[in-house]
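These are the structures in question, set out in turn.
First chain A sits with chain B, and in the next complex the same chain sits with chain C.
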Partner chain A sequence: MPIVLENLGHTYQVGSPFQATAIQNISLTIADGELLALIGHTGSGKSTLAQHLNALLTPTTGRVLLDGQDINLSDASKKAARFHVGLVFQYPEHQLFEETVIKDIGFGPRNMGLSQDEIDARVQDAMDMVGLPYDEIGHKSPFELSGGQMRRVALAGVLAMRPRILVLDEPTAGLDPHARDFLLQDVKRLHSEGTTVVMVSHSMDDVARLATRVVVLERGELAMSGPPREIFSQVERLTAMGLDVPAVSQLAHGLRAEGLEIPNCYLMEEMVDALERLLKGGAPDVA
Partner chain B sequence: MAGPFHLQLDHVTYQYEQGGKTAVKDMSLAIPRGQFVALLGHNGSGKSTVAKLLNGLFTPTVGTVQVSGMDTADPKFVWEIRRRAGMVFQNPDNQIVATQVRDDVAFGLENIGVPSAEMPERIERALSDVNMLEFADRAPHLLSGGQKQRIAIAGILAMEPEALILDEATAMLDPSGRKDVLETVRRLNTEKQITVVWITHFMQEATQADRVIVMHEGSAVMDGTPREVFAQADMIRGYRLDVPPMTKLAETLRSRGIALSGDILSVDDMIGEVRRLAHRA
Partner chain C sequence: MLRDITLGQYYPVDSPVHRLDPRTKILMTVGFVVAVFLVTELWGYLVVLAFLALAIYLSRLPIKMMLRSIRPLRILLIFTFVLNLFFGAGGRELLRWGFVVIRDEGLNNAVHFSLRLVFLVVGSSILTLTTAPVTLTDGIEKLASPLKRIGFPAHEMAMMMTIALRFIPTLTEEADKIMKAQTARGADFTSGNLKQRATAMIPLLVPLFVSAFRRAGDLAMAMEARCYHGGEGRTRLHVLKFGAADFSALAAVGLLIFLTVLQRRVM
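Right after this comes the complex of A and B.
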């Protein structure tokens, strides 16, 4: 039951002097169980695309299909899409507002019209999923927490709606290294437990660690799509687009330019093995 | 009266209100003029408090802070210290006050009473120092995050400061915006000998500094060149930070018996070292 984008396009403020096309001609199928990373320069349309996945934005051209149904057919279909597809915005902690962590996380399930018992169970589950201790912080104000914890409260608020598809816009932006690792572990676990994840990110090292597929947007159009190994091997093309490349890919590219025999790799473990072979084992290729 | 040090903390403790959290504990620190210092630490380690102590936004509960020999707790120095030690914050959108870039840069000058005849020249010089002169008549809210941060820096430069304190100024920027802002500040540091205190969560940015200071629980726990500090990977991790990816790779290779020499911080360092070893093998 994938998400299918059919020739999707979005133009902001049509007919006004500020008319601007953010994305166009995007056809993409997001399969169940993927962890798809959406990368691109600022202004390439990543966030606009992400906001179509749960009908927050309505396409100006093309369609978004969920389980074969156009999600923008009616208000009811839009609302249904929002329960199936959970969107976590950039800096979601700016949107926390309730008096307690428990109430904040329960906001979505309450809107779904669930019973109080069901809401309580879901809030507990969601807090477990992101590693927030229910008894210790559940009754605190979200504003007393650290930045990393606030980010996880916001994530739990979306998870409590039990979405099948989770869309994360820059989930680690502004977090310290420890909080970032913690959050990425959450994402990795949710994915391994069956949630389809779409992650918008500038952090190529995060993308390299997690993604099963990378989609690159350039000036609102789909420029590249493929497994991370294939995408990150194109160091020069990505750099020309103003994008970062994982440090390991940069190293592999640089070493090959030196005439050394290093396979195309992007993960730290692969590079360790490759360098071990080169420097200890077989005959190095000395020019 | 200005001692050898430009920015100086002498046994400083800072407590948020009576009985509140002690954010900085008996910390002493001396930064010479023209040094580029990266200040690292996990959230809550006290680094933002130090930033605010350095330009007199906060005054110490115990101890003294001096900027060019001026005590930040002495009310008569307040404006002079803020002019000399300018601060850039994390969120570019919270730092914009005007509808035109030029007016935004003028804001600080008006505050310190610069005669209006002098303003245009200072504004244009400051904008040209951050490579934003061509945007002088544009609306700041339509610029990218990196451009907005460079406008914020220009607003400080127009006041002819001696130090720049940047509190996670790149945290909300994309990779190219981060690179632009860091390059701009690095250049101002070399060309104008402006002292820089650069607070960041990006370890790779800290490798560009002259000196790295790591804070933990309100104290400076590590202090040295980037190579010295990042060579102690286990200690860094103990303070809930990380080492740059290439330093991590070097560490793993050493643990597998590959004798990499030197302290590796960047991809270029690693390429050089692998080339040396491969051609010797």
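Right after this comes the complex of A and C.
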């Protein structure tokens, strides 16, 4: 069930004085079971790209293929793509509207035309997945909940459609550290249970913790793509693009510049191991 | 999806007309409207046309823009013309074709009303094309401030207009985002019958209202935090000032009105 982007490009407001090209020449294959992180500077086209994955935006050039089928062929194919590819927007809690949490989460499944039993089952399932107690908050108004809970309701609203591919646009923006950890664990679990995940993020530490592949956009074009280890080892190049690197990569880079023998690493555990080895093995003199 | 809505028609170029004080431009527009209605003879419109042409020339607006402002009026124009033409009751009979009778008074009215309509729309669109909405509200506030004495809340009105104008693009963007988010959950805003479509708007309208109230609360808080307490004793960053250009522009409108009044006397 891969998504293939062929030479994708999007220009906003073609033919008006406000015409602006957001992305161009993007060719990318998102394989099953990947947890792909999409990073880039503000305005690099990350969100625009994400909105092509479920046909919310129609490409100006190129195609988006899901299972080898162009998803923009007809209104029906667009709608079908939206049930396979779930997109969670930035600040998704702003889209809640129903009287109760259960009804809100059931909005997607209702639009799919499922039976009431199936809808109930899916809502319960989705709430379990994001760790919301069904009996306790299911009948509350979503507007009574805390920010972190609201975001999980919104996430559950997309998960209830059982998408095979989940696209998250800045899922942790504006969350406190606790809520953020909780949400990232949800994402990790979903991925380990077989959902393909595409995550747009500014937080390199989130990306380092989760991603199996990192794709870097710069000014609407594909700049880099590879495993996180490879991408985050290029500290200078990322910094030149105005991007952060994970704290651990930064530290490793700094220590290497000081002449210490630290391998390329981006995870905390790796850094701890490397430092331990260095200290036990009689470190070279550091002035 | 909703991006194509543009707010106002402000056309940003630098021209003598753009630089005029907004109060001058508002007064000129009022004066121009008066002049258009004072004209009684067809040749009188030549004076108005000359004035308008001069204003357009000085404002450096593309003629295309001006013509575009008349376009939405086509139907109304045709309606006005046809109604007046066929239903003018008095005057000499010019043409009779079956039950259709055209009299000279009807023809006269048809031409007058249509010309007036075109002049009014083009004239007032020069105001909105050359003045940014916020500048325009500044001008309205200043012009209305003498009315404060009789209790008219000029500053509050202007502040409300400014805030409303400021938030139109923000809310448009927000609506676009929510619409996409609900579309991603399979909502359909474009098909179905009237009732289905109205129901489909709920998932858009509820979050939009919630967000509008949230923004209003935030804005009120931010304004209070910066000690906003209404118009009393408030100074401005851009002080409106009449200059030589403003006086000559007003004199020009004065002349226009004088000429149209003269035209009535002559005939």
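Heads up, the rule we're going with is that the second predicted complex is superposed on the first by the 281 of 287 C-alpha atoms of A that agree within 3 Å, B and C clash if a C-alpha of one lies under 4 Å from a C-alpha of the other, contacts with A are read in each partner's own complex, and residues count from 1 in each chain.
Rule of thumb we're sticking to: a residue touches a chain if its C-beta (ideal position, glycine included) is under 8 Å from a C-beta of that chain, and two chains touch if they have at least 3 such contacts.
Keep in mind the model is a prediction, meaning the values are calculated, not measured.
**Student:** Does chain B (first) or chain C (second) touch A:Leu87, or do both, or does neither?
**Tutor:** second
**Student:** Taking the superposition as given, does A:Asp176 touch the first partner, chain B, the second, chain C, both, or neither?
**Tutor:** First partner only.
**Student:** For A:Asn111, decide between first (touching chain B), second (touching chain C), both and neither.
**Tutor:** second
**Student:** Who does A:Gln234 touch here: chain B (first), chain C (second), both, or neither?
**Tutor:** Neither partner.
**Student:** In the superposed arrangement, does A:Thr196 touch chain B (first), chain C (second), both or neither?
**Tutor:** In the superposition, A:Thr196 touches no partner, neither chain B nor chain C.
**Student:** Counting only touches as set out at the top, which of chain B and chain C does A:Gln13 meet: first, second, both, neither?
**Tutor:** In the superposition, A:Gln13 touches chain C alone.
**Student:** Which chain, chain B or chain C, ends up touching more residues of chain A in the combined arrangement?
**Tutor:** Touched residues of chain A are more numerous for B.
**Student:** Just chain B (first), just chain C (second), both, or neither: which does A:Asn54 touch?
**Tutor:** second
**Student:** Provide the residue numbers of chain A that touch chain C in the complex, in ascending order.
**Tutor:** 12-13, 16, 51, 54, 56, 75, 79, 82-83, 86-87, 89, 92, 94-97, 107-108, 111-112, 143, 157-158, 161
**Student:** List the residues on chain B that touch chain A in their complex, please.
**Tutor:** Residue list for chain B touching chain A: 42-44, 90, 144-145, 168, 171-172, 174-177, 201, 203, 240-242, 244-246, 248-249, 252-253, 256-258, 267-268, 270-271, 274-275, 277-279, 281.
**Student:** Hey, which residues of chain A end up touching chain B in the complex?
**Tutor:** 41-43, 91, 146-148, 173-181, 202, 205, 242-244, 246-248, 250-251, 254-255, 258, 260, 268, 271-272, 275-276, 278-280, 284, 286
**Student:** Looking at the complex, which residues from chain C come into contact with chain A?
**Tutor:** Residues of chain C touching chain A: 3-4, 174, 177-178, 180-188, 191, 202-203, 206-207, 210-211.
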